[in-house]
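Same chain, two partners: subunit A is paired with subunit B first, then with subunit C.
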Partner chain A sequence: MPSTVDLPPLAVAVPLFGAVVLAVAGRWLPRLGCDVLAGLWAAADVALLAWLWGATGDGRTVSWVGGWVPRAGHSVGVVLVADRIGSGIALLAALMVLAAVGYAWRYFEEPSGGHAGVFPALLLLFEAGMVGFALTGDLFDAFVFFELMGVVAYALTGYRIEDPRPLHGALAFGVLNSLAAYVTLLGIGLLYARTGELGFAQIGAALDASGKGADALVVCAFVFVLAGPLVKAALVPFHFWLPDAHAVAPSPVCMLLSGVMVELGVYGVARIYWTVFAGPGGIPADAVRPSLLALAVLTSLVGAVMCWQQRHIKRLLAFSTVAHVGLFTAGVAVLEPAALGGTAVYVAAHAGAKGALFALTGVLLDRFGSVDEAGLHGRGRELPVVGALFTVGAVALAGLPPFGTGLGKGLAEESAKSYAPWLPWLFTLVSAVTAAAVLRVALRVWWGAGSASHGHAGDPETSGGGEEPEVRAPRRTLPVVLVAVPALLLAGCLAVGVVPGVAEAFDQAARVFCDRPGYVAAALDPGTAPPVPPGPAPDWWSAGAVLSGLLSTALAVAGAAVAVWAPGRVSARARAAARRCHLAVRPLRGLHTGLIGDYVAWLTVGLAGLLVAVGALR
Partner chain B sequence: MTKAWRLGLFGVAAAVLAGWWAAACVGLPGFGGQVHPYGERAVGASLERHTANVIASVNFDQRAFDTLGEESILFASVLGATMLLRVARDERRQRPLAARVMPSTRLFGAVLLPVTLLTGAYVVAHGQLSPGGGFQGGVVLATGLHLAYIAADYRVLERVRPLTVLDVADAAAAAAFTVLGLVGLVAGASYLSNTLPLGTFGELASGGLVPIINAAVGIEVASGVIVLLARFLDQAVEVGGGPGDGGSRTAGKEDGG
Partner chain C sequence: MSGVMGWLPYAVAGWILLVGLYGLATSRNLVHTVGCLAVAQSSTYVLLLAVGYRSGGTAPVYSDAEPGTPVVDPVVQALVLTDIVVGATVTALLLALVIQIRKRHGTVDPERLTELKG
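Entry: the complex of A and B
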């Protein structure tokens, strides 16, 4: 029976071992055997991480791998530090992998890459990467698991090799993320050269002790180290790879990419800032807050506008993820524990809603070989249950109470408005626009509402028609799991909002997360960290949260209704105004060229901008 | 975006990055210092564990968890390449042609192949004692085997390269690393703890768990790299895009994949 401190490394080792077993056993086991084995393995890791979450409580589980506990405050080893935010997002990753394994069970008709074990083995490796990244307390170790996560994700994105588009999406994803990872490694090198340390807590403590403050090296290291997580989080202008990759990856993989991997980028930014740079030897909060907030606002607005413009349903959902990641980053950027706790609730619930929407879009691809909103007009009528779930997913995305998205959004807004009174309006507007776009799809595809033609002839756009179905048996009956998995994910999204205690748990977890002295003490000098006193319990479903959720939903419904029904009924003047709006955002759409060279240029511009901003504000 | 715009944007931004990077490097410790905080501790810890090669001690003992992640990256790359480079529905496999090689080249290859493999095995086996180790030796082993392709032809390479066996060996060695970590747990210490007898400093069987993990990594890297290269070489040499793509079989030899 392992003790609690052994759980973090085991939670990484178990999926790694499972991947190996599947890679070997898949040569002989039939398809069903592989899927059952993968499901059991994913469930085992969920159990381990749930145990870790329970056992960690409001403290931290500190695990020195290899037993290299610090002597006199120094160690040569790797430390894993699980607090509730870290183990929580690891648990979320494990749950999403379990959902993806379940969904993929009947999704792909044919074995992939030689035998049936390869795809689930890659999913488990992906899980190991995500869990390792979430639990580690060491900067270099985080880089290693970040790379593991990336390598698997590139391969999974390019899964459908018959079509050049997935390969192109995977290539853009791989090139952008790898370049950013190299920049991160340069940053790690800077910090290591100055401090001789690699652990988060150790680097942070050494920077504080050096007394040099935020000099050029620290600023440069801060921006460079964050390059990898920022690209993974797909913040504008680092986001270009995301829609290209999400539009073409197999649907079960999209559930993981959008549901949890992108959010892990935001988690990485928050973790690295609080543990390494939040002290007197790091970057002043007054430099970090506006820089991150500017990125967050830009990201959520660009994501929302681009989301509204799409007709390729998976691209639309991908841009909605960009928009929401902008909101999550805003929740982190105000640097308030309460906003962080609300954001954690938001992320957990969003994973359920977004995972479900991608899974349901996968059903469209399975049935019709298309994810084109216009081309599928009215064709969804034969799938009423799928349509109902899709609509539920759309209002969950808007934050309709009592879905967890609404609770998380409300909590984050309440706290964030003390810093910037206009932030709640951003949250409301962005969640309303993205949900309106999804509702518009639901109305057109399942209810056949409005006209079948789509907007503006002659624009260059990605239609989403002529996609290869991801299976080769077009008229099989619809497997139950393809509907059951999204239904369960939506139930999870609802549960986050209705189960009492979730909000309090995350609120206290966020307070622990932001307790930098406690983190450093727990990692370097175990037993001396005083527990974080519980603060005032957050207002569970405050009137403001309920109203804001209702407002977002009402705006989303109105927006979708106008988009679907208005074009035939409004005056020529209103049409001309709509046309002008459309033309105004055309340059923005034009920036999404699909050319990797352009994306790299934007990545460089983003990093340079961040350097100048943080450098000027420090 | 036009090419001029792209280059201009990139140029300006890259100049800003380069300027900051240069400014940051000024703040680095000077060259040729006598002390490094981590270096001191790592050497001490390595001697304590009777491991003569400090790098091996850092890789397979002190920061073995990083190495577990790294060898998993290689394992994932092999699996990913296997999946992406599978024979697609519109492709077909062709038997590679025999190639004519100069007798001197063939002789040279036949002599050097065993020597190279022996060198690779030596570098793996002495990883805990002298520079080298599982990663380096594994690459020597894997590339050495491809002398068979250079000095003979693809058919010969396929004979000396049992892909199924290597594929399973790759996975088994990856599994071995993960499971060896459990030895520490069984002994009542933490995951990946070096709890085995440490042996005499400087001898082949010294360092406890280090030589064993090192050997597992050597096997994984050697077989993984061979399988990885095989997927790419197969694409270049054997897999054609259907009728009218006859050139690929011979082109593979000249290009070397």
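Entry: the complex of A and C
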């Protein structure tokens, strides 16, 4: 039996080993054997991480790989530090991988890429990268795991190499993310030059001891190191790769990308800030808070506006992820433990809802070879169960009580409004707009409501028609797992909201996460870290949270109804106003050109802006 | 280190990064794009090696060095090695994608890939 300190390395090693076994055994094993093996392996990692979550409690599990424990506060070893936020998001990644393996079981009829073991092997490799990134306590290790999950994600995005669009999306994804990772490595080099350390805790302690404060080198290092996580989190103007990649990746991969990988970027920002830069030798909170909050607000608004404009359903869901990541970043950016705990609940529940929506869109692709909202008008009538689940997913995205999204949104809002009273309105508005767009799709596709026409001629847009079906046998009966997996994911989203104690656990976990001296002591001087005293329990489903969830759901329903039924019934004046709004957002759509060069230019502009902002505010 | 050699390696690293970014932003050929990414990455090698340099230091191989000989920092050399491995993986995968794009679209000009926009 492994002891608790062996669990974090095991949780990374088990899927890595599984990937190797599947890649080799897939040559001989039949399809079913590969899928069962992959499922068992993914389930084993879920069990390990659930054990780690339970055993860590409100402390931290620290393992020095290879037994290189620190002597007198120094070690040349590599450390993994699991607290409940880290092991929690690793567990979420493992659960989503299990769901994706289950969903993909009957999804690809003909395995491409050599043999049946390749796709599940890539999924397990992806899982190893994500779990490693979530659990590592070392900045350079974080870079390596970041690139591991990146490279596997590019390969998974372009998995259907017979089809032209996924290749384009995967290339944009790869160039942007790897470029950002190299900028992160430059930042790591600068920090190493100043401190001679690579661990989060060690760098943080050395920065504080240097007594130089936030000078130019520390500001540059801060912005450079965050470049990777910011691009992964797809914050505007670093977000351009995300809709291109999510629109074209195979549906089981979309579940993972939108459900957990993008959120790991936000996690990376929070982890690096709190462990490395939150001390007196780092960046003052008054510089970090407004910079991150500005990015977050911009991201959620751009994401919501762009989401509403789409007709390609996967691209629409991708922009809804951009909008929600903006909200998660807002929850982190106020730098309050309570808001962070609420955001963690929100992320967990969002993964269930968004994963389910992508999985159900995959059913459309499977049946009709299209994900075009206009082209599919009314054709979903033959799939009523799928339509019902899609509608449930849409209201879950809006935050209808008692779904976990509503609880997380409410908790984050309650805490964030002490810093900025307008933030709850942003949360309500953005979740309402994105959910309204999804509801609009449900009404048109499954209920055949409104007219089939969409959009205005001459707009830059990606239609969803003419997609290659991801399976080659379109007339088979609908496999049960394609509906069962999204139903289970929605049940998970509901469970986060209704199981008592979840919110409390995350609240205390966030307090531990923000306890920087405790983290440094746990990593460098084990046994001396005092436990974090439990604070007041969060208000589980406060009246404000229920009301805000109901309000955004009502707004979403109203918005979808207006979009579907109003065009034929309103006055010419209202139509002209709608037309003007449409023209106003057209330049914004025009920025999404699909050109890698433009995306790199935006990345450079964003980093320069962040450098100026943090440098001026410090 | 003092004088011009003190700051020159850092200036070179910054210059390589900017050149790589410029190439990426203006590239009209996807093979060139992947090449520019590798150029941008080279700036990390230069920066890391500059950080680890010690005046008069020799290679950190202890088998044939007298005890007490100054050596350059071996940690950054390990980092650069890892970085090269990561870079090779990324470049190989991206070039494979470009080859496949050439096969399916018949072009490597990004301006002619117009399917994803808005």
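Note that in this section the second predicted complex is superposed on the first by the 618 of 618 C-alpha atoms of A that agree within 3 Å, B and C clash if a C-alpha of one lies under 4 Å from a C-alpha of the other, contacts with A are read in each partner's own complex, and residues count from 1 in each chain.
Assume contacts are C-beta pairs under 8 Å (C-beta built on N, C-alpha and C of every residue); 3 or more make two chains touch, one makes a residue touch a chain.
All of these numbers come straight from a predicted model, not from anything done at the bench.
A.B. asks: In the superposed arrangement, which partner chain does A:G73 touch: subunit B (first), subunit C (second), both, or neither?
C.D. replies: In the superposed model, A:G73 contacts neither subunit B nor subunit C.
A.B. asks: With both structures placed on chain A, which of the two partners, subunit B or subunit C, ends up touching more residues of subunit A?
C.D. replies: Touching more residues of subunit A than the other partner does is B.
A.B. asks: Once the structures are superposed on A, label A:R589 by its partner contacts, choosing first (subunit B), second (subunit C), both or neither.
C.D. replies: The answer is second: A:R589 touches subunit C but not subunit B.
A.B. asks: Answer with first, second, both or neither: which of subunit B and subunit C does A:L16 touch in the superposed model?
C.D. replies: After superposition on chain A, A:L16 lies in contact with subunit B alone.
A.B. asks: Quick one: classify A:V175 as touching subunit B (first), subunit C (second), both or neither.
C.D. replies: A:V175 sits against subunit C, while subunit B stays out of touch.
A.B. asks: Given the touch rule stated above, what does A:P384 touch, subunit B (first), subunit C (second), both, or neither?
C.D. replies: Touch partners of A:P384: none, neither subunit B nor subunit C.
A.B. asks: Applying the touch criterion given at the start, work out whether A:F140 contacts subunit B, subunit C, both or neither, answering first, second, both or neither.
C.D. replies: Once the two structures are laid over each other on A, A:F140 reaches both partners.
A.B. asks: For A:L122, is the partner it touches subunit B (first), subunit C (second), both, or none of the two (neither)?
C.D. replies: first
A.B. asks: Determine, under the contact definition given at the top, whether A:P164 touches first (subunit B), second (subunit C), both, or neither.
C.D. replies: A:P164 contacts subunit C only, not subunit B.
A.B. asks: With the two complexes superposed on chain A, say which partner A:P30 touches: subunit B (first), subunit C (second), both, or neither.
C.D. replies: So A:P30 meets neither subunit B nor subunit C here.
A.B. asks: After overlaying the two complexes on chain A, where does the subunit B footprint on subunit A coincide with the subunit C footprint?
C.D. replies: 140, 144, 147, 151, 154-155, 158, 161-162, 167, 186, 190, 192-193, 198, 593, 595, 597-598, 600-601, 604
A.B. asks: Which bits of subunit A are touching subunit C when the two form their complex?
C.D. replies: My answer: residues 140, 144, 147, 150-151, 154-155, 158, 161-165, 167-172, 174-175, 178-179, 181-183, 185-186, 188-190, 192-193, 198, 243-244, 247-248, 309-310, 459-462, 589-590, 592-598, 600-601, 604.
A.B. asks: Using the touch definition up top, name the residues of subunit B that touch subunit A in the complex.
C.D. replies: Touch residues, subunit B against subunit A: 1, 6-7, 9-10, 12-14, 16-17, 20-21, 23-29, 36-39, 41-42, 45, 58, 61-66, 68-70, 72-73, 75-77, 79-84, 86, 88-90, 164, 167-168, 171-172, 174-175, 178-179, 181-182, 184-185, 189-194.
A.B. asks: Spell out the part of subunit C that touches subunit A in their complex, as residue ranges.
C.D. replies: So the residues of subunit C in touch with subunit A come to 13, 17, 21, 24-27, 30, 33-34, 37, 40-41, 43-44, 47-48, 51, 75-76, 79, 82-83, 86, 89-90, 93-94, 97-98, 100-101, 104-105, 110-111, 113-118.
A.B. asks: Which residues, counting only subunit A, touch subunit B once they are in their complex?
C.D. replies: Residue positions touching the partner: 2, 5-6, 9-10, 12-13, 16-17, 19-21, 23-24, 27, 63-68, 74-78, 80, 112-114, 118-119, 121-122, 125, 128-129, 132, 138, 140-141, 144-145, 147-148, 151-152, 154-156, 158-159, 161-162, 167, 186, 190, 192-198, 212, 215-217, 219-221, 223, 591, 593, 595, 597-598, 600-602, 604-605, 607-609, 611-612, 615.
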